[in-house]
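Below is one structure, written out as structure tokens, with a few remarks after it.
By letter and in written order, the chains are A, B, C, D, E and F; residue numbering begins at 1 in each of them.
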Amino acid sequence: MKMVTAIIKPYKLDEVRTALAEIGVQGVTVTEVKGFGRQKGHTELYRGAEYVVDFLPKVRLEIAVVDERVDAVIDAITGAARTGKIGDGKIFVTSLGNVLRIRTGEMDAEAL
Amino acid sequence: MKMVTAIIKPYKLDEVRTALAEIGVQGVTVTEVKGFGRQKGHTELYRGAEYVVDFLPKVRLEIAVVDERVDAVIDAITGAARTGKIGDGKIFVTSLGNVLRIRTGEMDAEAL
Amino acid sequence: MKMVTAIIKPYKLDEVRTALAEIGVQGVTVTEVKGFGRQKGHTELYRGAEYVVDFLPKVRLEIAVVDERVDAVIDAITGAARTGKIGDGKIFVTSLGNVLRIRTGEMDAEAL
Amino acid sequence: MTSTAPRRLAPPLLLFLTGTAARAADAPAPDSGDTAWMIVATALVLLMTIPGLSLFYAGMVRMKNALSVLMQCFAITALVSVLWLAYGYSLAFDTTGMAAGEFGRASIIGGFSKAFMAGMRVDSLVGTIPESVFATFQLTFAIITPALIVGAFAERMKFTALLAFVASWFTLVYLPITHMVWSGAGALLWDLGVLDFAGGTVVHINAGSAGLVAAVVLGRRLGYPGTAMPPHSLALTVIGASLLWVGWFGFNAGSAVAANGTAGMAMLVTQMATAAAALAWMSTEWAVHGKPSVLGIVTGAVAGLVAITPASGTAGPAGALLIGVAAGVLCFFAAARLKRAFGYDDSLDVFGVHAVGGIVGALLTGVCAGTLGGVGLPEGVSIGRQVLVQAASVLFTLAWSGLLSFGILKLLDRTIGLRVTREQELEGLDLALHDERAYDH
Amino acid sequence: MTSTAPRRLAPPLLLFLTGTAARAADAPAPDSGDTAWMIVATALVLLMTIPGLSLFYAGMVRMKNALSVLMQCFAITALVSVLWLAYGYSLAFDTTGMAAGEFGRASIIGGFSKAFMAGMRVDSLVGTIPESVFATFQLTFAIITPALIVGAFAERMKFTALLAFVASWFTLVYLPITHMVWSGAGALLWDLGVLDFAGGTVVHINAGSAGLVAAVVLGRRLGYPGTAMPPHSLALTVIGASLLWVGWFGFNAGSAVAANGTAGMAMLVTQMATAAAALAWMSTEWAVHGKPSVLGIVTGAVAGLVAITPASGTAGPAGALLIGVAAGVLCFFAAARLKRAFGYDDSLDVFGVHAVGGIVGALLTGVCAGTLGGVGLPEGVSIGRQVLVQAASVLFTLAWSGLLSFGILKLLDRTIGLRVTREQELEGLDLALHDERAYDH
Amino acid sequence: MTSTAPRRLAPPLLLFLTGTAARAADAPAPDSGDTAWMIVATALVLLMTIPGLSLFYAGMVRMKNALSVLMQCFAITALVSVLWLAYGYSLAFDTTGMAAGEFGRASIIGGFSKAFMAGMRVDSLVGTIPESVFATFQLTFAIITPALIVGAFAERMKFTALLAFVASWFTLVYLPITHMVWSGAGALLWDLGVLDFAGGTVVHINAGSAGLVAAVVLGRRLGYPGTAMPPHSLALTVIGASLLWVGWFGFNAGSAVAANGTAGMAMLVTQMATAAAALAWMSTEWAVHGKPSVLGIVTGAVAGLVAITPASGTAGPAGALLIGVAAGVLCFFAAARLKRAFGYDDSLDVFGVHAVGGIVGALLTGVCAGTLGGVGLPEGVSIGRQVLVQAASVLFTLAWSGLLSFGILKLLDRTIGLRVTREQELEGLDLALHDERAYDH
């Protein structure tokens, strides 16, 4: 099993969710994060105090999947999240030892 | 060492924390997340605009532990977080390369 | 590649960011988290209802790097985040299977 | 005795004089200054409930229930207004058949002769102000009183039950007590000689007693007292408390039903008692817990406002200081200790602040009218006697409100049910009952 | 016909009497009570816009646009004030050359004789109050009317375009309509006999019509209606709605331009219509959707406030109930169904609440003046005839405001552009246009 | 010279006339309209501090310090009220021993004859209003002045030090300056002929000078100016600024101590100067930084309110525009540039807005009284001479407040300590000093 972690633009969340649902992914955990990267932040200005905010609001998705589905998941995310503009985000894939469904005690692939 | 990541219902956090403390776990990092899964969300309604919110507030726990303690940790979480109702959440276990305590520079098992 | 995850004190974020930038790290994802650990929390008091809040606001950094740079990254974080007081936080290193830049489709080291 | 005492300054005095008995005397004339003040006083008392009290309460509950509290206060405002129009004003202030010292049905409750504001014309007067203004001013008191009770059962009551409870309580508790205290000679507590200038008995003790009963009948919130339930937004609570303070000038100085020296002095003593109570609560908390808190100081201010309410037409500045300090200290212990000792879950301390503060104020009203710069008691009435009258009225109100509240709540519990389900309570009332969330951040 | 009717109670009646025609009669004397009330009424109407309406609206938009709405309302307050001083007051209330029943330029718009408040001295009077107070009171109406329109194009309009639109609309739409309805005998709609005590036509239908046009011309927000756009802080919205309710006493009772029985009755009927509309919306929503919501009940209250506005000087309490219930139910369907059916994106329901509520109120004003406890219609005017007059005024205002708004917006679109870029809309107007964020949590 | 000038309109004129010298003349009679207005004006000025100023400030600090600011403002409200009762009112307004043109102790500070409101009865009058109303109205000015200073040392001062500082500053700075400017003939600055209708000198320059000194003595916040310290909730700040604007009608128009033409004109010019200053700040910021901001426009409005304050009883509408524009532009540069240039950390720009705005207003008061539609200067006083008098009063106040504030702060620093520890500052004052958090989201 793998854990696919994606950092995307917040307003793309709905589209990515839909794309994942279409390929049968049933579970996702989402976190609101701040991203520092190549994409430039914005300027804020308060009574003459101007400063550059170099983080940007991003959304982090965690999706646990069986190995065979990793590519499909990556394609779904990429397809929905890509705008071609800097800051579209990253996908990280790590290997996942075990998964357990708390409610039933089911393990691994069954637990997804 | 392993990193145990658990997604649970928010109101179970206190109980899980207590259960972990009882088995001697001293450190946990907690994130507020949104979960998409089998559990159904709720409906919101604003001036006739009705829409289904399919995410649910969840809490994500990260607990770094030595390998021997993984099972105890999983049992503690499961015992405290289970309600038997859909949406109780998942536990993910991944392997952890190194751990370092910033304050002292201690490494790995000592750092936990 | 490795994923370096660090839990630090929130007011140290700027310094750590700067230290990372100095060694050429270009991307970081930051999450606001709550930490339970050895560091004691605070007391809150509302109309005579006194209770101990044992979590503390912390900041979680995720930095994906190529293996060679892991030590430099750890040193940068440690150098900037250490105060010597309890609660300075931890660094976790896990191995990272793949990385993909959504915008371009670049993979792994190129994607960082 | 009381009908001749110039010191009897309850709001409806003028109503009484110009409305029934004294009609023969010189014809009342409208006064634009009094009218101006009373229109504004009405707006100020409405401001106390929406948004004042609503925010004070909403800030103190958990985020998942913030809207439910706002909803309850807003719905009460609307519901009580319509009931006031239909029959409330009439049952409270219709004085047909009343005569000083004579006991009868009309000593307890008015009739229906003013239902739907029958007979009220653009030029109808009560004293020197339009009757429309008098009726609306009194309505704002009828609104805030049940809204105060909301704090006692916050975070667990069904919205349907809330509506049913408020309609019943307004009818069976608020209207009779108002009538008995304020409608003039012939009314039960008026004839007894109670001093309640702006509603310590009618509003605060009345609501506080109902609150305690409701907290007990509904039971504790899930997790209370083990789980931490910190206020979700003390910023809202401070806005609410501040608006309560400002609006209370309408409440107390407005109870003079004129823009005169009595109104002015009511404002001054209100300011002083509130300030003193705020400092007293802050100091007590500082001494007891080691730190002063903003929730503490604002609650202290509210306790002071409550306590000076019955006395605001009769006490002097020094009396106000005494009342403020007493309320600040005693309400602190009532809120911080009493409810923990007895184990009931009066979520936002309706009993601890409004009943206890109201009782402190009611009793000290008797003391401070006759001394410490007060305006003096009616001829032949000693301080001791007045305090006894005050105490009797307190007990009567505690009992009337407590017993009837208990009956209403038990009846509702057996019919429509009072409390949300466990799942609804865990999810929060905002989503469970109203399909809304307070914030989308 | 109308110039002799004692029931014609629009605010400028006194202006007219004391300002031009009736100057020969007994010299007007200042009244401190009336003055006191009107100063406060002015403060209350200002409170309706800042912070009332600003918060009502800001709470309903998404967090990334919250400041842009506050900014728009605040800038409108400042901009309209200065324009009012420069020429607005004069164009609205200069009655030079007007005569009852005679049509001319002055029936549509005033002249410049009062520009920069020329001739206004500390002791100038309008009726019994200082002219400075009258001018500032009227200004607060001129402020809130364009501010209402903001809700229609929230979350997508350029700030430069907003300023240009408001300056033009104020000049070409607000000032003429105000003049035609309120400046006195000789003005077009005044001579027609329209009853608009506090601004159902001048303020609400006027703004609502412009709002609908603006929503259509600007087009929908990105993602509307598919994407969820929940209010980011209903707590702010409830504060705003509550302050609107309280402040509306200044709006409606202040329109009596005196602290008298008419003001008092205006306050009473305002309270009752608002309460009834809140309950009506709540019940309708409960029946239709299964749950009552706080956004619903507060919107219902605003609908009631809107609808009672034109009638507040002429309706009785029973009429107020009718108006409230009708507004609550009809505005619910307008907001919840109509805009979805037609597919325009009137973000915060300016048309559904203000135009629809205003129309309901305007028509029922004709009904309720003559019956249900109203003050009665002018001699010789039947209810049917008055309703026709009201309908004609409604249509006239809808058309005037709609057509001119369309012209102004199209012109601005071709010159400076109305709408922010796609990137700016996605990022949110707060950062894109103002370099600020509403919260740093 | 000044005692006969009909244009001398400072609030206590009536006090002076009816309270001491003129007692022989026709007996003063209470006026219900004036009383109505002054009760409300008092409520409005209280509203300016709680919740107005509290929110304006609390929104601008970081979340971890939001409650500490609310706490400070609320505690000041309570503390100053009690001190006012004990001796403040007396030291400020006791005129025993004063005589026009004679210098003595009583020219600087009053005596104790009115301590604890001695001699004040329900029917005591000041001019046409109850003395209780006059005393409470003046109290609200005494409350807001030290509360303004809070902005200068926000986010780093110990709460104990705050209480001690406020008590001392109120006694040694506020009371004497008030007495010298407002208590009537015989008082130092009154005899000099300063025009300060509503408190440009007494309130704003006074507070601004103390603020600058406090910012310097306490030193900068940790991390200033490198670290970003964005406002945690501009929504709260906009609510606060809006309530300041609305409440300021009580401040300025209330300073007429009557509901008359002077009050009305004060309201009108207040509205116009504020609007002009808001637009001026917005435009300047837009030109200089490329975007207009909501924090900018509301701060501009406050600058305008400050600057028109001393002139509000004497300037005309055109003068108000001049004052507003000048204040908007100059305060912008003071807040955005001056403090950065000199490197002090006046957290919320108390000096840049209140002292600079106050000075602009004080000087232009001299200009605008005599021209641009102003009411005119006393006979024989030229504009140049009046401006010199204004400048002298400004310098005197800057020096008095600055030097005494410095002394008080240094003394406190050496005894109880002014500043929280580094750890407390990092953790935030809310948890460190009050064991509370502003939000539990």
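The criterion applied here is as follows: a residue touches a chain if its C-beta (ideal position, glycine included) is under 8 Å from a C-beta of that chain, and two chains touch if they have at least 3 such contacts.
Being a predicted model, the structure only gives us computed values, none of them experimental.
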Fill in: Touching both chain A and chain D (chains)
B, C, E, F
Worksheet item: Which neighbours does chain A have in common with chain F?
Response: C, E
Worksheet item: Comparing each of A-E, B-E or A-F with B-D, which pair has over half of its contact pairs in common by residue number?
Response: A-E
Item to complete: Check A-E against B-C and say which one is joined by more contacting C-beta pairs.
Response: B-C
Worksheet, complete the sentence: When centres are defined as mean Cα positions, the distance from chain C to chain D in whole Å is 53
Item to complete: Could you please state the distance in Å, as a whole number, between where the Cα atoms of chain A are centred and where those of chain B are centred?
Response: 18
Worksheet, complete the sentence: Cα centre of chain D to Cα centre of chain E, whole Å, reads 34
Worksheet item: Which residues does chain D have that touch at least 2 chains other than itself?
Response: 31-34, 36-37, 40, 230-231, 233, 239, 259, 289, 291, 293, 295, 435-437, 439, 441
Worksheet entry | Residues within chain A bordering two or more other chains | 31, 44-46, 50, 94-95
Item to complete: Provide the full list of chain pairs in touch.
Response: A-B, A-C, A-E, A-F, B-C, B-D, B-E, C-D, C-F, D-E, D-F, E-F
Discussion item. So in the complex, the part of chain D that touches chain C is made up of which residues?
Written reply: 225, 228-231, 289, 291, 293, 295-296, 299, 332, 335-337, 340, 349
Worksheet item: Which bits of chain D are touching chain E when the two form their complex?
Response: 30-37, 39-40, 42-43, 46-47, 50-51, 54-55, 58, 66-67, 70-71, 74-75, 77-79, 81-82, 85, 116-117, 120-124, 129-133, 135-136, 139, 159, 233, 236, 239, 259, 433-441
Discussion item. Help me check something: in the complex, which residues belonging to chain B touch chain D?
Written reply: 11, 14, 42-46, 50
Discussion item. Taking the touch rule as given, give the residues of chain F at its contact with chain E in the complex, in rising order.
Written reply: 31-34, 36-37, 40, 44, 62-63, 230-235, 238-239, 241-243, 245-246, 249-250, 253, 258-265, 267-268, 271-272, 274-276, 278-279, 282, 289, 291-295, 297-298, 301, 316-318, 321, 373, 375, 439, 441
Worksheet item: Within the complex, which stretch of chain F touches chain C?
Response: 227, 426-427, 431, 435-437
